[in-house]
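Per-chain residue numbering starts at 1, and chain names A, B, C and D are given in the order in which the chains are listed.
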């Protein structure tokens, strides 16, 4: 590229996002646990049009996951209780991670754990791999007894897990928060102070459905995590409140299926969005979201997505440069 | 013998035909211009809701031809209701064809097709494939009552013998289709079954007692339908590394898995792992399930 | 009634519920703020087929309520931010309460407040009236800034408000809990210990929707409370967990529209159910719920509703007699 | 003068007619066997979703006769889409008729009907009532573009003069209907307006400047539609006790209300209270609104 010969179409708004050291072409991350490693959706969508894929959460030791049934459809959403099925970090690094090298979008590892040491150990080993562009700390999984979520619901544990992970990697560290708390903004500030580069807001909302014929919970695990359009208002408010409390970027998620849904999150203060269950509704959702956001910006004469981030949130202080 | 996978992709479809063979059961005929290759028996589609807001629904591909397929829908909840309500001319999208389907070649030359309720929808393409191979097939078909035994003429037209069972005895054998099958006693070379889980569990028992290999098409609540969410798993025989054993069809990019141990009714302590019904299945060898 | 001459139809299951000293013919209460004083729905349903109506919450001083818009439709539910519009306890007692005397079902007053003293003062004056059969303490209204909900989210305030109200009335006292907490079972135990006769579980879930055209929240108040089918899984789990923690009856609510929905709550451990937003979906919902629950019991040979309460909840210890 | 309230109740209805005068606008004709008494102009129905799960939707009663009424639906979201999608023969339930409606008698003998978009649906019964009284009426009717100006022939057939405005000038005046009305300059005896809130605010200004009494049918997001939830309120003139002043139609069982003070564009400090659009309205005297 000689003499600035790169031509940038002046009518094409800039949708790129910077999250810590991670540069995303598009502001869309596929929610952890909802998109496999990307390969599964490759027949149905052009993966190069995604910002990135957040991989399924991995733990120190192998986990079989919960007994089926693991899913139940509920109004405008679903309950899941997968229970972190994964082969453990050893087998994962040895056999799986190399396959992620050729993904044409960012690949973000997700780490779950049951002790502060787990988070540090798994983050360190995972982040050391070139195939992994950034790490998301899943301190908010509601489907592993009371253990998993304790971290996102207890300020001290949230802080310790974040610090421990921060200490072992220079790659972008996203901490994923739980909505199942009295004050999510408080946990958000703690994670920011402990070194998170960004926050994923929100993980699923705890819920249960009961099979009235068999008189027992519909999920093998009893309770599960609610996702999909049903939780969108909960997630939008969480982003709105967290955006007032921190100065690091937010990856807003919970029930995003369309560009209008995504715009609610950007306007509330999210710098990027996560799409999980929305892919089950419409496998093309991620490209439709990007196309719709682009049109929205053009219609309003905006040249950069970041110019509308927080526009509906008067107390949003902006993302620290 | 792993089968080549017909490429799956997103398809737009238009409803061109709609009939209601019984109350609450609808067969939709769809024109799918982008569907060029044939689908394999036992494959399914993830059909998107016309209005969004809820996950797509897994439906067996009932019939398929060039640029055309049909679906049979039993209304059990809001999503099946929305699809059953589609009118001629309406458009829907789907991911198809998905899953590995049945392996007609390994079922021998005297195949028992065993269907419970809407399970019948997974077996018509298989029946045609079995007949095309020159093999014999019988259909054992059970439902609540005579009125719900739909579409068996489609099988009869292929020259397949049909035996019925109904819970209330209103047609054929009174009782479960698995008992009809067990009572009948014929030594088939292979079984292909599809229906509610309790029926399939019982069918697995009968098949095992009679030592007839059986391919069962399972049903679990689905999320993605494409192998991404690990929501639809069932326990399946695995080796010491967690690699599932003896799957039907190709396993593409199976990630490594944790291995567990479990007592089953038939075996004391068996290694198993959780495999995805949507991706490693939906059809499995009955002997390999660790229910 | 001589020699047991009362004939009880042996095929008619007993749907009555006892909540503290309150006897309800039917296990259905209309959610506070959703049913006016009952009169508004009289043209559309036979009020004598309801267990009772929980009146709109009343406060010590008059309140205009929030600026409109106060409602926004969201997937499988709605957001509301009414903001406790009411004339204050003086005008209420003087001009409104007498009209409730002829309701052919139970009439339960609802009290909201901004201090412990408010709760005591309003409860005392309201409970003194014969037209009022019981009192519900709304310590969980999410739509009055941070003030209202503080009570249900802060263990000490929840305890103090409950004790204060308990001290001033012998009538049945129902304490209404918020789902917007890390551990609802903990607050439930506190309310039980402080003297509540029953718990209403749950009030609305905090949420927000943003108007992407105008780039501001769709509700005049900014955030609001999410109700309807969308929150049913959240409510069922809350009832399930609270039922394991307390021995007083629970009025389960959140997204109930049909008998099957209500049965999820009974099986989780609720003794009665509340129906709020479901009335907006179907004005006949309360009678359909009762009819469907009756059929369900008959089909299973059960003679009393209370025999299935908690049937899907192995750790449910039962309601103390 | 308070009007007697036609008894409202739950009605079952069957779709007997369906037309689409423009894309995204559907008129449904309904047979409502239980609807015996006539409805008043400006009353509305709360129409339940065919599948439950979402609150009923407020729709103006467009036409009404013995055991029959029609609704005009503009698709803006999921619920209006579901209703617009109803086919002939489908059944729905509704609460109707609701609200107090317009008071034709107090509008004088030269009435201006001012409609924006689907607001037209609230004005046909009123137009007929005005004509029946022997009064004169003109319709000022605005929409985005010519294609969205539907059904004005129904007014013309009543002998009503129709003037149009479109945002893009594709038919009639180019600009807002309120500006067309202001420009026209005729001294009507009364105004009846229905349309989007910004249009009604502007109409209220014009009416006030020209000192023509105006009845405006308002729109707010509804919950119950029957006065139970206080979700649909607007600020309205009140006395020192919070009692709203000069409502149109009867006020049944209005509970006592808190009173507030507010600066408005027209007045410095005015007492107001929040009244329910669904119950005290949906039609209010423009002068009494404290927007």
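Observations, loosely collected:
In this section, contacts are C-beta pairs under 8 Å (C-beta built on N, C-alpha and C of every residue); 3 or more make two chains touch, one makes a residue touch a chain.
Since we're looking at a predicted model, the values are computed, not measured.
Common neighbours of chain C and chain D under the contact definition above are absent. Looking at chain B and chain D, not one chain touches each of them.
Using mean Cα coordinates as chain centres, the one most removed from chain A is D. Between chain A and chain D, the centres computed from C-alpha atoms are 45 Å apart. Our note on geometry: chain A versus chain B, Cα centroid distance of 34 Å, whole angstroms. Taking each chain's centre as the average of its CA atoms, chain A and chain C sit 35 Å apart.
Each of residues 53, 78 in chain D touches at least two other chains.
Residue positions of chain C touching 2 or more other chains, listed in rising order: 75-77, 229. Chain contacts in this assembly form a single closed ring in which each chain touches exactly two others.
Contact between chains, as defined at the top, is found for A-B, A-C, B-D, C-D. Those residues of chain B whose C-beta lies close enough to touch chain A in the complex are 7-10, 48-49, 52-56, 77-79, 93, 95, 220-234, 241-242, 253, 255-260, 273-274, 279.
Note for the complex: chain C touches chain A at residues 74-77, 79, 153, 180-182, 205-212, 215-217, 223, 226, 229-234, 236-237, 240, 255, 260, 263-264, 267-268, 296, 308, 311-312.
Against chain D, in their complex, chain B makes its touches with residues 51, 53, 78, 81-82, 87.
Listing the residues of chain C that touch chain D in their complex gives 33-37, 39-41, 43-45, 56, 62-65, 68-73, 75-78, 80, 82, 85-88, 91-92, 94-96, 99, 228-229, 257-258, 277, 279-284.
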